[in-house]
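Chain nomenclature is as follows: A, B, C, D, E, F, G and H, assigned in order of appearance, with residue numbering initiated at 1 for each chain independently.
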């Protein structure tokens, strides 16, 4: 296989002690490559900071890494609509880095303010894969998909209320995008989008 | 009241003979003002053409009017995303005209081809109310709402398949629009959007 | 554009400190016009009261404004069904005021006590736009829509339990209203309804 | 038991021949009391007319009876919102009659035209039980329930399109009615409402 | 009208102080007849006990009454499936009493232990109306409806987990009952069932 | 493995010619054991009758077998609620036979007529596994599960209308049964229930 | 009946004191056979440990037994996909034991690591019934069902987020399994699966 | 941009004449590169065959191309579970070819027969991107994702009945896959998957 994915710990439902212990064990087994832990609550992030000073903690993503990041090959642009989408965008970006691709963050380019998005078209074109993160009506991937032919992974977020149905509205919108070739992952699943995008970027012909 | 709405016949579930008879009766009662019949199938459209030669039949809208249209006051721009949305846009446009406002049709300006939409910004600004018709991911109203402060009524259409759930995906997207002030009507309800928009346009200060 | 919308802060998911800071910044940038912050919890409302004594805090709406309200043009009547709908009605009313239209509040006119509603028909007719707020079965907009031809925006609320499905029952009812021309916003979205209604009222021919 | 319900044939999914044969058999077993067959399509209604000339066929209800109706005790008022609700109202009315209560039909009193409903308040009060039939937003039972304390059974119909979800919108509205004491049956189930209402009417103290 | 319903306070979303104050006010206005307050949490029940010693508090129902109960006319049997359904059954029973009918409680007669239910058939027949409370699969009303022709109101409860979907499974089951004449109220709505049943019982010919 | 399942053809979406050809091929490969084809429409059933005279066609089940049935081991009782459930019950029964167990059919024992069910308790107890087929409210498995400790597979059917949601109501009811140990298969999936039940019966200690 | 099921207490919604009291009472009535209590929270588990030292507490399952387990007959293999599924697998395993069958636990054999599952094929074949526990996409039962003809009960778990809809995604997947003969229980219902599987195992011909 | 996508006609809702005319026009504009038309019914396929003899018609995919296919760069393996999934797999494969990548078809490797899938692991590894098509429980992408690190696009199909909910069950399963990095498109959307996969393959470093 072209891959060689890192070890990943899914922190939801695990105690701080469990997460610290698993990180320590996996790092001992794979000291040459960063281990990633996602979905860490405040308490766990603090426990990791205390117990594993060499770990890198990402408070926005609610995630941590232990061990050196791989040399990046290719670039993934992580694009997000609003500030509430930041945790999911951060999870995607960190996942991309841990999986061996470079990251370009493009934030706050929601569809209700098109000029900001139109101002970064070059950065979209320069990436090997795009991760587009949006909640509420989930319109951003369609607009991005109309601007570029770079492969896109859309991530619906649970940002919203009422008829957003916990992110289902954004998910459905993205699945029904009129822009061709947009693929979608689960609600708030920055991790999954990051894995796919990093794989695509790493195997792309360098520009 | 400022209104004085016309008589309207909802043709779904009515036989051609019933529709012709109701149109004839309502026209006799209100000869000075057009009566509108919507949701007419092929057979009924033909029956109306035959039986009521003075009726105006709109094949795309699946609708017909009998009697003179009122003098238009104000303007409603009816904007649609794709060609499959044409019947709903046509129902909205005809409803606007029958309810006494002028119509400006802007078609095929879906979000995957932004330049076309950006090219008609003047027409958006010149209207008193916008009816924005879109199916699939229903993203168009959000983008339009970011371009202008004119009041918007969004109409989701049942265009799509699979996870579009008969228009529910577009409906949810529009209800969750991140652009402020967008209101929504039922799936495929060009009629309802047209009534609201015409009322707004007719009471607006002339430009 | 005829608009010129104010700055608005969506408080959900923001800390009290963040809300205070954003309000302060936006007010410094736009001292001549009220900035609006919505969806503020108890703690944030208190923090705003403490830190920004010149702010006007609306405890029922869970909202605050900083800076002078614009001179009202036109009138929006905000009509609500029951006492539990008060927070949403208050959010709508404050939004209308901040967006430059006058407000007439009509409360507790639910459909199970028709006489109260019939007693205020004059006030409905005197408005340029109606915002109708109701939870549970969401019937009020249909009844109001049968009484007047003034443009209506219906706001479903999450008031109810069991098969109200967090407001989805009221939302569906409003989308299917048999009264023509009713438009709908997201569940509990007093803000969105207020923006649309204020725009309509401000551009209406004065009575 | 106070009852003594008649035999009923559910015609959906049965061939014309099967329905005729079952009606004939049940009538032979219970010649003294009408047998009821519901949910009969055009073909079956014709077959019944041909084969059983003494049967009474109700084309609107899509139903037929064979044998003498019982002497009515008490009165059920069957109230409906729009003309499209007629088949369900007719099924309810016929079921009431077959189950031994008198029927008062009140049609076309939808909530968007309140004056018609307010004009029949006496007839509501004079009944022992009300069956209220409405589609689309299903608002009628709430309004009726605010006008009278007579026991109410609400019947949602599948009349509507888009977000009416085949009658689910009306069903949810009725289950969430803010008027106390309204009970509900399945979508389009005029039969079930008629059985309950007839039982209540028959056991009521005569007025 | 035959009715003359009591005043009722819906406690959900109200503070203990508000509930106490409303009870006091309504009791002063209607000293001759019990006022009912439902959906009271622990704190509110305690506040009522403290502030209104003459109030009768029902801890299982989460409800309270203030003032004398009316003389009962007719009988409602309140039947429940499991012990977890007790709060809803208690709310129904208290509502019946406050609305002027007698109550017969029949508990723990779930369908998985038929003999208990078969042992109380006499009590079912002796009632003027039945309120049948069940969660999970909601099967009890169908079985009761096969045993008697007494009018039935079914109350689905939110008891269950997973695919019970907060009571929707029981609600759907009851709406689809194969036993004729069963009517249904909202999930956990013992109050609504009690109002309907009391009205039916009070107007029934005494046995 | 204890099994040795027969070949099965799923006829839905296949042409009559395709079904005939596959049956012929599979029979040639396995002449010693019946091949089963399910979900056959009228045309296909006729084509099979014509082309494969030695095939056994089951018109109620919409199925056919070709080749000798295995010697039955153990017994499965297939229990159904109403006549409309017959096709699913027949599919289950034929599947059981083709998979090598004996079948006892118990029909028309719906929960609204308990005496019929109570009259066949011996047959329930004498079986090694029960397949319980019911539509509408899907209550039958719960009642059967309260009468016996024999393993039960419940099959919801799509019989019903409106809020039966194509069988989803019955499915949810069965998944939430208060009788312990009931397992469930897909809506109308008599085949799947038959496979499981036959496997259980065949491996059971003979009585 | 071949059964003779133990007494079971459903702990959800019961206080620690209530659970202790019921366990004590049932144990006194059935001292010869273990009583089972499920769905016990931390507090209740501790209360049981304190008050009933002879009880066996299963912290993972959130369950306890009091009294001697029956002699096992037959074997149920309980197979689970991931570590988060452990509580449900443990509930199933304990239920099997209390209902008189032997248990073989096979954990962490999710479909994304097939080799582990392929390595335990012998243990699958050696069981009389399989309980297969999986969350997220619920794919494990299909893969197991392709490997063996042993009867299978699938248990969807609520493990997952976003579009897992609290376990509904896994439930739907299992109901639609392309492997024949898979039956399904409610989300997280290890208890129900254990009862069915134990009954099957106990009546199976010993190997 | 690295792309340069071909023209594509979405045939659903268009008449045969319309499709022929659009194909002809687009081909005249882009004679050097194949135009693709998808979702063509029998009639339209025939009309295309008649009117445009040089068109290549794919009867399984319900699609046609006009003009020369581009030289393939990179390889997409299109993997499908069952024969009913063939139309969707064919649409994906044709789309890949028209968008300039090579195709390797791997059919009938559903999860209930793992050996077939395990036998083609080399072909999975040799591809630059995988399109995995499956209906019913939608388990195939998870299993494939456990076998390889090649980027995967999963396509749920509407194959199934009952609780498959028109493909929603498979869609949800794929969105919740426990194998990392799987992205998903709309139900039956072979086209969208093909566009994404072709883009990825074309930009991949040649092996």
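Keep this in mind: a residue touches a chain if its C-beta (ideal position, glycine included) is under 8 Å from a C-beta of that chain, and two chains touch if they have at least 3 such contacts.
Computed from a predicted structure; not experimentally measured.
Trainee: How many steps does it take, at the fewest, to get from chain G to chain H if each step moves to a chain that touches the one before?
Mentor: Between chain G and chain H, the shortest chain-hopping route counts 1.
Trainee: Compared with chain D, which chain's mean CA position is the farthest off?
Mentor: The most distant chain relative to chain D turns out to be A.
Trainee: More contacting C-beta pairs: E-F or D-F?
Mentor: Between E-F and D-F, contacts are more numerous in E-F.
Trainee: From the C-alpha centre of chain A to that of chain B, how far is it in Å?
Mentor: Distance between chain centres, rounded to whole Å: 41 Å.
Trainee: Centroid of chain C to centroid of chain F, CA atoms only: how many Å?
Mentor: Taking the mean C-alpha position of each chain, the two centres sit 57 Å apart.
Trainee: Could you give the separation in Å between the centres of chain E and chain G, each centre being the mean of its C-alpha atoms?
Mentor: One centre to the other, that is 36 Å.
Trainee: Can you list every residue of chain H that touches 2 or more other chains, as numbers and ranges?
Mentor: Residue numbers touching two or more other chains: 162-164, 168, 171, 175-176, 186.
Trainee: Chain pairs in touch?
Mentor: Result for touching pairs of chains: A-B, A-C, A-G, A-H, B-C, B-D, B-H, C-D, C-E, D-E, D-F, E-F, E-G, F-G, F-H, G-H.
Trainee: Going by the contact rule at the top, pick out the chain A residues touching chain C in the complex.
Mentor: Result: residues 84, 159, 161-164 of chain A touch chain C.
Trainee: Would you pull the chain B residues touching chain D in the complex into a rising list?
Mentor: Contact set of chain B toward chain D: 12-13, 156, 158, 166-168, 171, 186-189.
Trainee: Spell out the part of chain B that touches chain C in their complex, as residue ranges.
Mentor: My answer: residues 1-5, 8, 125, 128-129, 148-153, 171, 175-176, 180-186, 191-193, 195-196, 199-200, 203-205.
Trainee: Any idea which chain B residues touch chain A in the complex?
Mentor: 81-82, 110-114, 118, 136-139, 142-143, 145-147, 160, 162-165, 168-170, 172-179
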